[in-house]
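The next part holds the structures, each set out as C-alpha cells.
Both of the next two complexes hold chain A, though its partner changes from chain B to chain C.
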Partner chain A sequence: MRQLFSFVLLSLVSLSSFFVSASAAAADYHEQLVLRPLPLSALLASFNFRSNTSLSEFEAHNFRFFPRSLGQILQHAGTQELHLRFSLGRWDSESWGARPWDGAREGGTGVELWAWLQAATDEEADHKWLTLTNALSGLFCASLNFIDGTRTTRPVMSFQPEGDHLNTTAVDTHLLYGVLPHEVVCTENLTPFLKLLPCKGKAGIATLLDGHKLFDASWQSMAIDVRPICPAGGECVLQIELTIDMVLDIDRSKRPRDNPIPRPPPGHELPCNTSKPYHSHDTCFPTDHQANQDWTLSQIFGRTMKGTCPLTDPTVPPVCLQVPNSRSVYHSDGVLEKKNLDRVSRCFEIKPDVNFEIVLPTPDDESAVLVKPETPLLYAERSFTGHGQERGGVQTILRNPSPDTEVEFIYMESLPWFMRVYLHTMSARLQGQSAKDDALIKEVYYRPAVDRARGTQLEVRMRVPPASTVFLTYDFEKSILRYTEYPPDANRGFDVAAAVITILSPAAYNLRTTSLLCSLPTPDFSMPYNVIIFTSTAIALAFGGMFNILVRRFVAADEGPEVGLAVLKKRIKERVGALVEKIKKDKGQKIPYEARNKSGKANDSGVETEVIKE
Partner chain B sequence: MDGGKVTVGRTAALYAGAAVLRLAIFTLLPDLPDLLTGRVEVSTPVTSFKRCLFLYNHNVSPYDGGVYHQAPLFLLLFSLLPNALSYPIFTYLLYIAIDLLSAGALWKIADSGEAGSSALFSSPRRERRWSGFVIAAIFLFNPFTIATCLGRSTSVFTTCAILHAIAKAVSGAPFSAMVALSFASYLSMYPLLLLPPLLLLCFDRQRPERAKKSILSFAATHVPVVFGVLGLLFGMSYLITGSWEFLPSTYGVQLTLSDLTPNVGLWWYFFIEMFDSFRSFFLAVFWLHLSCYVGGLSVRIRRQPLVVLTLLLGIFAIFKPYPSISDTSLFLAMVPLYRHVFPLMRYSFVIAAVIMYASFLGPAFYYLWIYAGSGNANFFYAITLVWGLGLSLLVCDLMFAVLRDEWELERPEMAGKEIRQI
Partner chain C sequence: MSAQPLSSNDNDAPITPITPKEGAPASTRKLPPPEKPSDVRRRSHVILSFWLIVLILGLPIWWKTTTIYRADLPLQEMLEWADGKACRPVFPLRISIQATSLQDQEAQNLLRLTQHALDDLNDFAGHHLRLQLGDEKLDSADNGSALIIRLTPGEGTTATLDPYEPILDITYPPNTIPSPTASSSPLATYIASQLRTTFAEEQATISYLLSTNSMPSEHRPLGLSPETTESLAKRTTRSLKYAPTYHLTFSLFTSGPLPSSWNIEGAIDEYMKPVLEVLSPIHNFTIDTQVQLYASPGVQNQILNKEDLSSFINAAEWPLSPSIGGAPTINFIVFIGNQTIANPSQDSPTSQSWLIPQWGTVYLLSLPDDTTHVAAATLKQPLLTFTSHLLSLTGTPESGSLPLRLSTLARIRSADLLLRASSTLGSLARLAMALPSISIPSSVADGVTKTMSHLRLACDNLGGTEGLAHARIAEAEAERAFFEKSMVGQLYFPDEHKIAVYLPLLGPVAVPLVMGLINEIKAWRKRRRERAEKGAEKKEQ
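Entry: the complex of A and B
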C-alpha cells in the first residue's frame, strides 16, 4: 500500500514538473538540425541546441536547461562568456564554399578555448583561468589542463564579446585565449558534450550523434558558447549554445558495414566527364560533383531519429534540409514537410514519438541537385617554407575572390615559444610583385615569446584588395630544447596552432587555417650519461693538464727520483719481500690457543701493539 | 719577421689591405655575411647580429621576449646607425673600423715588449719576437677574425674593449684600462674575471712618477673605478630601456643557460642532456670551474700578468657558456706575442692539426645533423669536444712553454735539454 502511494506521488510529481518545464520550454530551449548537401558527395550536418536561463535564476543556482556541471564551473571561475571548440579535419572552402555560421562556431584543429573572466588584476585572471581550464578538463575529458602560460594569450584585436556585458567595465574583464593543437578530439569528448543537453541524446536530433560517424567526418567542429544576452527592456539571460557541425562523406557513409575497405569502382561504373576533349574509352576525368547524391538519414547517421525532444520549442522545426525545392524527398509518416519561400530549403515538423527518416532518391534533374555553395569572403592557406631543422619561414596565402570589394581582417597567430619569430622579416606582398607592399599591413600587435614561459602572440590588421592574392611571410628560428621537454614522439614534430582570421569588413566572418607541424632539432635521447661522462672527461683533461703544469716542479730528466720499468720492478720486489718477511714473523709468534687463553688480556694487547709497530 | 722598422706606409698598407679585403667580401659576395650571421660557430644567442635587428621601434621592449640577450647600449648603437637592412654599408664600415681598432691595440701591446720582459721577469729569449706589424697582420688576416667580422657578431666589440684594456695597462694608463675593462664586462660579463690579472699588469706597468708601492692600495683605488663605470653603464641602460628587466635577460641567460642553441662550446649539449634535478648544481660547478683558473694562474705566474691574461682568454674561449670562433680569434691573436717561447712548445703540430680538423669537420657535421638528417646531434657534439680538447692542449702547451722559460732563467744550463716535472 505504501509502495503504491509513493509510486502515485512520484508519478504525480514528475508529471507536474513535466508540464511546468514544457510550458517554460516554449521560449527557453530549442534544437535544430540543418542538412546541406555539398559538392563532391559531401553532406554538411549542423546540429544546434540553444537554451536560455535568466541571470537571476543562474545566480540562485536554479538550473533548468542550463547544465549544472558547467554552470557551477562558470560561477566558480568568474566566467562571463565562454567559447570552447573541439575540431578535427579541414574545411575545404575551395569546393564547399563559405563556412557554416560564418565561421563563428568553429575552431582550429584540436581544442580552442577563450573566455572573458571577471578579475581585478591580471594575476587573479590567470588564477581563474587556471581554475577554469582544469575544471573543464575534467568535465570534457580533454587535456585542457595543459593550457598553461605558454599556450595562453590575451588577444587585443581579434576576439570581440558576443554577449552584452552591461554591469562590467573593460578594466575588470579579461579575455584569455588558449589553444591545444595537439589534442585529438574523440568519442570521450562527445559523451560529456551530450550529457549537457536536456534530452541527453535519448530523444530528438541528438539521437543521430554517434561517435563512429561524427569522428569519421571529413571535418567536424563541436562548439559550446555561453554568453549573457540582455534584450532591450527585458531581463538579462544567460544563453548556452551547443553546436556540432560535420561534413560527412556520403560515399564513405554508404559503404557497407561488413565490408568497409574502399575499393576502386570498376571502369564501366566510373562517372566520366564526357565534355573533356581527351575523354575516350580509356581516359576518364571523373565527375563526382553530382555523384552519390542519393542517400537516406539512416545510411548517413547509422540510425533513424527517435522522435523529438519533449522540452524543445515546438515552433522551431527540428530538421531542415537545404536542397532545391524541385527535388523530391520522401519522408516517414507523421512528418509534415514545409517548403520555405527561399526555394532552396524545406523543414520537417515531426510528431514527438515518430521515428523520423528521409530518403533522397537519385535526382532526375541533374542541374538542380545542390544549392550552389556561397563563395567565402577570403581563402587562406598557411604553410612552412625552408628546409632543415635550424630555421624556417611561415607563408600565408590570402586570396580575395570578390571582384570589387576589399577585405579587411585581423590575422592572429599564437605560436609556441620554441619558434623564435623574427618580426623584422615579416612582409606582405601582392601576387605578381616581388617588392613588399607596406600599405597592406595596417597595424601590428606583437608580443614576443619568453623561453618556457610565454608563446608568441602576433596580431596583424591587414587588407586584401579586390580580386588579388596577398602573401604574408615571416622567418623564424627553431630552438633546441632540453631532452625532457620533448614528447615521446619527438621526431613527429610539434603542432602549431591554426591562425585565426577575423574579417571586419565587408561582413563579419571567421576562418582558420590548418594547423602546422614543426620539426625541431633533436638531441640523442639515448645517451645522457654518455654526454655527461664525455664532457666531464674533456673538462677534467683540460683542468688536470693545467693543474699538473702549474703545481709540479721542473727538473732535468736525470735529476730527481727515478721512474721507469726497472724502478717499478725493484719496488714491487721490495714490497713483496717485506710482505713475505712479515707473514713469516707472524707465523713464528703463533701461540697455541690454550696458552694464549691462559696468558690473559695483557698478552693479547701486547701482540697487537707489536703488529702495529711493524 | 724580425721587428724591423715599420714605416707609416706599411702600416697604412696593412690596415687598408684588411679593410679592402673585408669590404670586397661584403660587396662581391653579398650573401656570405648573412650566411655567416646564421652560423652557430660565429653567432651565439648572446652575440648574434640577427637578434640585434629585432625591431626596437615596435613599442615592444626587446627584453620582454626570449630572443634578445645583449646589452641595451647595442640597441642605441644600432638605432643610431641607418637601417642595417636597407643601408648595410654603414654597419660594414663600423665592423671594419672595430677590427682595425683592435689590431691597433694589439700592435701597441706587441710593441711594448711586455710579453718578453715584464717588470718582474725578463725572458732570456725575448729578442726572438715578432713586430707589432706582424702580430696585427696575423690578427687581421686570421680567417676566424674575418668570419667574425663578416658575421657581424657583436663579440667584436668585446674583443676590442679587452684588447684596449690590455693596451692601456701596458702603456701605464690604469684608469683607462679599468674603464675599457668595464665596457668589456658590460657587453659580455665574462671579462670581469680578467680584473685580477689586469690589475697586476697595471700595477707592474705604473708610471714611476706616481707609482703606488702597495698592490692593495692600488687595487683599492682602481677596483672602484670598474664598478663605478659599470654602475654608470647600467644606469644609462636603465634610462634607455626604462626598466631593469635587461639584467636577467642579458646576464641571467649566461648564468642559467636557458637558451640551448648549439655552439662550439661544451655547455649546450651537456645541459640539453642534463637531468632536471641536477641542472642548477652543474651550472654552479661549470661557473666555478670557469672562474677557478683566475686565482691559480695569477698567483703561479705572478711575474708575467700578460701571460695570465692570454691563458685566461684561451680558457674562456673553451669553457665559457656561449663561446664562438670570435673568442678563439682573440686568443689566437694574443698567442703570437709569445713567439720567443714557441720553440719550447711540444705539441705544435698536433694542436694545428686538431684545430684544422675541427674547423673543417664542424660545419660538415652540423650540416649532416640539421639539414641532411643523416647524422644526429652527437656528430656536432663530438666535433665540439675535439675543438675544446685541441684548444685546451694549446693553452696547456703555452703554459708549459712559459713556465719552462721562467725556469730556465734559474737554470740557464738546461736550455735545450730534456726535462720533466715532478
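Entry: the complex of A and C
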C-alpha cells in the first residue's frame, strides 16, 4: 500500500513538475481524492489539493491559486516553509496498517505547527514566530496564539525541510516547532480551511467535505504544507498543499442524519458468523471485518460530488478507489473508469458538471473485498507508569514487525515544563531482558526545561532490532503549579503532546504516539482564603497573648474586679432599670431633646465608671 | 511582674489606692496593692512602642506595597488642548501675485486693494489668505506659497486654474488697473472673489472640522449652511482615518469558475500608478491582488436596490480579511456579473459601481460567459472608477485642480490629526480623573509629554508639510498613550475582596492595640487628675 501511495505521489510530483516546466499557467492546481476501504468497516478518504504560484508573483502580492490571507501572513512573518496540522482521534495501525502519505501529512492530537523562518537572530525568530502563531490563530479560529515559549521547541534532528531552500544559509533559517495537544479540532477550523481552496467547497472533491462527517470520523487529520520548490532549470514556485485524511466508520456514516442514535438491530438482522460450532437460532457470534463493505459515496459523505473544479489539471483523475480489480463498482453517467495496472486501484475521470456517485455493492467474492493493509515499519505505544501525585514515569513500547530489517529512527518528545524529566533514568531495554541495553540508544539530544519559560526537548536516535520490542522508559517529577497557573478544569489533567517518531531507515516514515493526560497535584482552590484566615488567626492569637502579658497587671483573684455571671446580670438589670426610668420621665414631662440627650449621657458615664480598669 | 525588685527607696509619693466611685456597691473585696510607678511607666512604653511600630513601619509598608503607580499627568494642560484653548488653528496661506506687466507701484497698490477686499470678505479668522508680490523666477514650491496668481493683460476679465500647477491665470483689460488713490477697484474685488471661490471648500471643511470638535465659540466660524454641513459630514464619514500607509487590495470575484485570471498588474501600472505617485508625499500605498472563484454575492437579485448594495458583500464567505501589517486596507472589488444597479433617477444611465464608506469600492463588470482572462484594457473603466473613489476615500476635496486639491488635503489632514490628538489627550485626562484606581505607567506620561510637544510644533507650523509630520507623530503618540495595555490590564479587586483579606488579620490584632491605647489614655488622665487633687490638698494643708 505504501508503495502504491508513493507511486501516486511520485506520479503527481512528476506530473506537476512537468507542467511547471512546460507552461507555468496551464496547470498550477490539482486535486485528488483517494478512497481506500479498511478492515473493521472503515473507509480512509484522502483529499489532496495542491497549487503552485511562482515566487515572483508571490512577492509581487498577486495571488491567484495561492490564498491571499495565508500569503500575507507568510510574507509578514518571513516564513519560508510552513506545516500546520489539525488532528483528532487515533490511527489504529494494528488493524488499519501503515499510515497514509507515510505519516508525512499528519500530526498528533490537537494542533501542531512547525515552520522555517528567516531571521538573523534567535530573538528575531521568536518574534516572527509570535507574529505567525497569532496571525494563524486568527485565520484558522484555533488557539494557536497559546503556542508560547513553553510550548515551542527547536528540533535538532527530527524535522527536515521538504522544500528547496536555495539562496538561504543555515544560519539565518530557524526551525520552530509548537504543539497544542489540548486543542479540540472542530468545524470552525474546517471552514477557513475550505476558504483557502480555489474552488472553495463549491465544485470538485471539496464538495464532499462536510463538518458533520469529517468530525464524526474515527481519525482525521487536516494538513497545510507550504514549501518552495525549485525545479532544475525552471523558476522557483511556492507550493501549497492542503490534505485531509479521515477514517470514516461506514456503519456510523450510513445512519440517517435525522436519526443518528444507534439502535440494536432486530435479532434476525444480526450478521452472525455461522461457522462457529455454537451458532444456533439464539446464539450469535458477530462477523467481523468483511461486513458492511457495501456503500455509496452519498451514504458515506451525505451528498454526491458536484462535478470537477475547472481549474484542476485535467490529466490527474479526481477520484481513485483502492479495491481489488475483481470487485465490481458502479458509477454514474459521464464518468470514465480506468483500472490501474497494479490491479488494486482504479481511477475515475469525471466530466465537469456531472454529479459523481459510486456504488459498491455487497461483494460476491469474500476473499477479494479489501486490499490487504500494509504492515507499518514500526508500532509505537506510549503510556504513563507509576502512581501518586509526586513522581511518574513514561514508557514507550516500540515494536518492529519486520522479521529481517532493523529500524532506525528519531524519537522526539516535547514535554511541558511541569514534567521534570530525570534524564539519568532514561533507559531502553529489549522485551524479555531485564537489563538495559545501551546499544539501542545511539544519540540523545536533551534540552532541559526552565520553569515557566520553556519545556523539555528530548530527541533520541535509537534503533529496534528485527522482530523485537523495545521499551524506552524514563521517570519524571511533577511540579506544583502556582495558584493562577491552573486552568479552570484542572482536575481533568494536563495534556502532554504526542511523541514524534521519524524513521530514517529502511524508509522515510513518520508516526506519532497518542497524547497523554498527566494529572498534577491539584489544590483546593479556596486554599488562599483558608491560608489567609489560618495564618491570620495564628498571628492574632500570638500577638494578642503577648501584648496582654506585656500590658496587663496581674493581681490576686480576690483583689481584682468582680467577674462572673452574677455581675453581668446585675449590670444588665441596672441598665434596663435606668432606661425604663428615663422613658417614664420622658412621658411625664417634655424634656427638650438636647437636655434629654445630656441626661442620657450622664447616665451612661455613670454606668461606665463601674467598668473597672483591669 | 513580681520579678521587679522592690524599690523601697522610691521617693515618689506612693500612689493612693484606687478608691471606689460613688454609687459603686460597697465592696467587701480586697484592693490590689498599689502599683509601682516604674511598672506604670513601662506599660506606657510598651503601648507606645507598639503604636510607633504600627505607625512608622507598618503603615508606610502597607501604603508602599498596595499603592497603584500613577505617573503625574499635566491634566490641566491636556484639558486645555482638548478644549482648543492651547492652540488656535490658523492656516496662513501665502498667495503670490506675479504681475510682470505692471509697474511696481501699480502692483503694490493692486495688492493692497485686493488684500482689503479679501479681509472684507473673510469671516473666518482661522483661515487667512495673505497676498505678496512674487518673483517670476520662483515657483510655488520654493517660496512656500499655496497659489500663484499670474496677472496678464488681455481682452476681458477671466480666471482659469492651471490643471497641473497651483497657478491661477487672471487676465484683465489694461484699463481696470486701479489708480493709486482709488479706495476700491473692480479688478481687486474680482481677484478676491476668485480666490475665495478657489478656497471655499477648504475653508468650509476646516471650519466644519473645528465646529465638530469642542473648540471654543470665539474661534468657531459661523455661517456654514446646513446643506454644506451635511455634505461635509457625509464626506468626512466616507473618508478613512488618516494613516501614512494604506493597503490596497484588488479582488476579482466571480460567481462561477470563470474568468480565473486577470492582468491587474498591467492595468494598475497604466491607470492607477500616476495618481498613487501624486499622492505619495501624503500617503504610501502597498498593493495586493487576488482572484476568487465561486463567490456568490450576499444578494441574488438581478437589479440591485439601494438597500441591496449594503449586503452585496458576502462578508462571511469572501476572504476579504484586512492586511496584517497595521496599515488600513482599502478594498477594490471587481465583481464579474451582469447585475445592474437600480437608479432612483431613471434618466441617468445605470451606474456600475458604488462606494462603501471607509471600506472601498465594488465595480460590477459584465463579461461574456466564456471569458477566461480579463485583459488590462477591460479593466480601464473599473480602475479609473477606483482611482476617483480612492481620492474621496482619502478625503481629497472635490473641487479645484489636482495640485490644489492635494495641498488642501495636506492641510485638512493636519488639522484633523491635530484635533484628533487633542481630543484623545482630553479623553485620557478625563479617564485619569474619573478612575482614581487606574494605574498610570510612566510610559503614558512620556507619551503625553511627547504628544504635547509635537502638538505645539504642529500648531506653530500648520499649513506646511512639517505641521503634517508633527501632527502625525502627535496623533500616534496620543493613541499609544491612551491604549496603553498595562492601564486596562490590571486586575479588578472589589472591596469585599479586600475586606476578606484584611479583616482576619487586622481585626484580632487591632482590637487589643486599640483597647490598650484607650485604657492607657484613661489611666493617664486619671493619674493627672489625682496628682492635681493631691497638689491642691497639700496646698490647703
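One rule holds for everything that comes next: the second predicted complex is superposed on the first by the 484 of 614 C-alpha atoms of A that agree within 3 Å, B and C clash if a C-alpha of one lies under 4 Å from a C-alpha of the other, contacts with A are read in each partner's own complex, and residues count from 1 in each chain.
By our rule, contacts are C-beta pairs under 8 Å (C-beta built on N, C-alpha and C of every residue); 3 or more make two chains touch, one makes a residue touch a chain.
Being a predicted model, the structure only gives us computed values, none of them experimental.
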Worksheet item: In the superposed arrangement, does A:Gln389 touch chain B (first), chain C (second), both or neither?
Response: first
Practice prompt. Applying the touch criterion given at the start, work out whether A:Pro271 contacts chain B, chain C, both or neither, answering first, second, both or neither.
Written response: neither
Discussion item. Between chain B and chain C, whom does A:Phe554 touch in the aligned arrangement: first, second, both, or neither?
Written reply: both
Practice prompt. Based on the superposed arrangement, let me know which partner A:Gly334 touches: chain B (first), chain C (second), both, or neither?
Written response: neither
Discussion item. Once chain A of both complexes is superposed, is A:Leu423 in touch with chain B (first), chain C (second), both, or neither?
Written reply: first
Worksheet item: Is A:Ile539 touching the first partner chain B, the second partner chain C, both, or neither of them?
Response: both
Discussion item. According to the stated criteria, A:Pro314 is in contact with first (chain B), second (chain C), both, or neither; which is it?
Written reply: neither
Worksheet item: Of all the chain A residues, which ones make contact with chain B and with chain C?
Response: 532, 535, 539, 541, 543, 547-548, 550-551, 553-556, 560
Fill in: List of chain A residues in touch with chain C within their complex
25, 60-64, 67-69, 71-73, 76, 135, 139, 195, 198-200, 202-203, 309-311, 529, 532-533, 535-537, 539-541, 543-544, 547-548, 550-551, 553-556, 558-560, 562, 606, 609-610, 612-614
Worksheet item: Given the complex with chain B, which residues does chain A contribute to the contact?
Response: 387-391, 417, 420, 422-424, 444, 446-452, 479-484, 521-524, 527-528, 531-532, 534-535, 538-539, 541-543, 545-557, 560-561
Worksheet entry | chain C residues within the chain A interface of the complex | 1, 18, 21, 23-24, 27, 29-33, 35, 39, 43, 46-47, 50, 249, 257-258, 260-261, 264-265, 286-291, 293-295, 317, 319, 321, 323-325, 500-501, 504-505, 507-509, 511-513, 516, 519-520, 522-523
Worksheet item: In their shared complex, at which residues does chain B touch chain A?
Response: 38, 50, 53-55, 58, 60, 62, 64-67, 85, 258-262, 266, 268-276, 289, 293, 296-297, 300, 315, 318-319, 369-371, 373, 376-378, 381, 385, 388-389, 392-393, 395-396, 399-400, 403-404, 407, 411, 414, 417-422
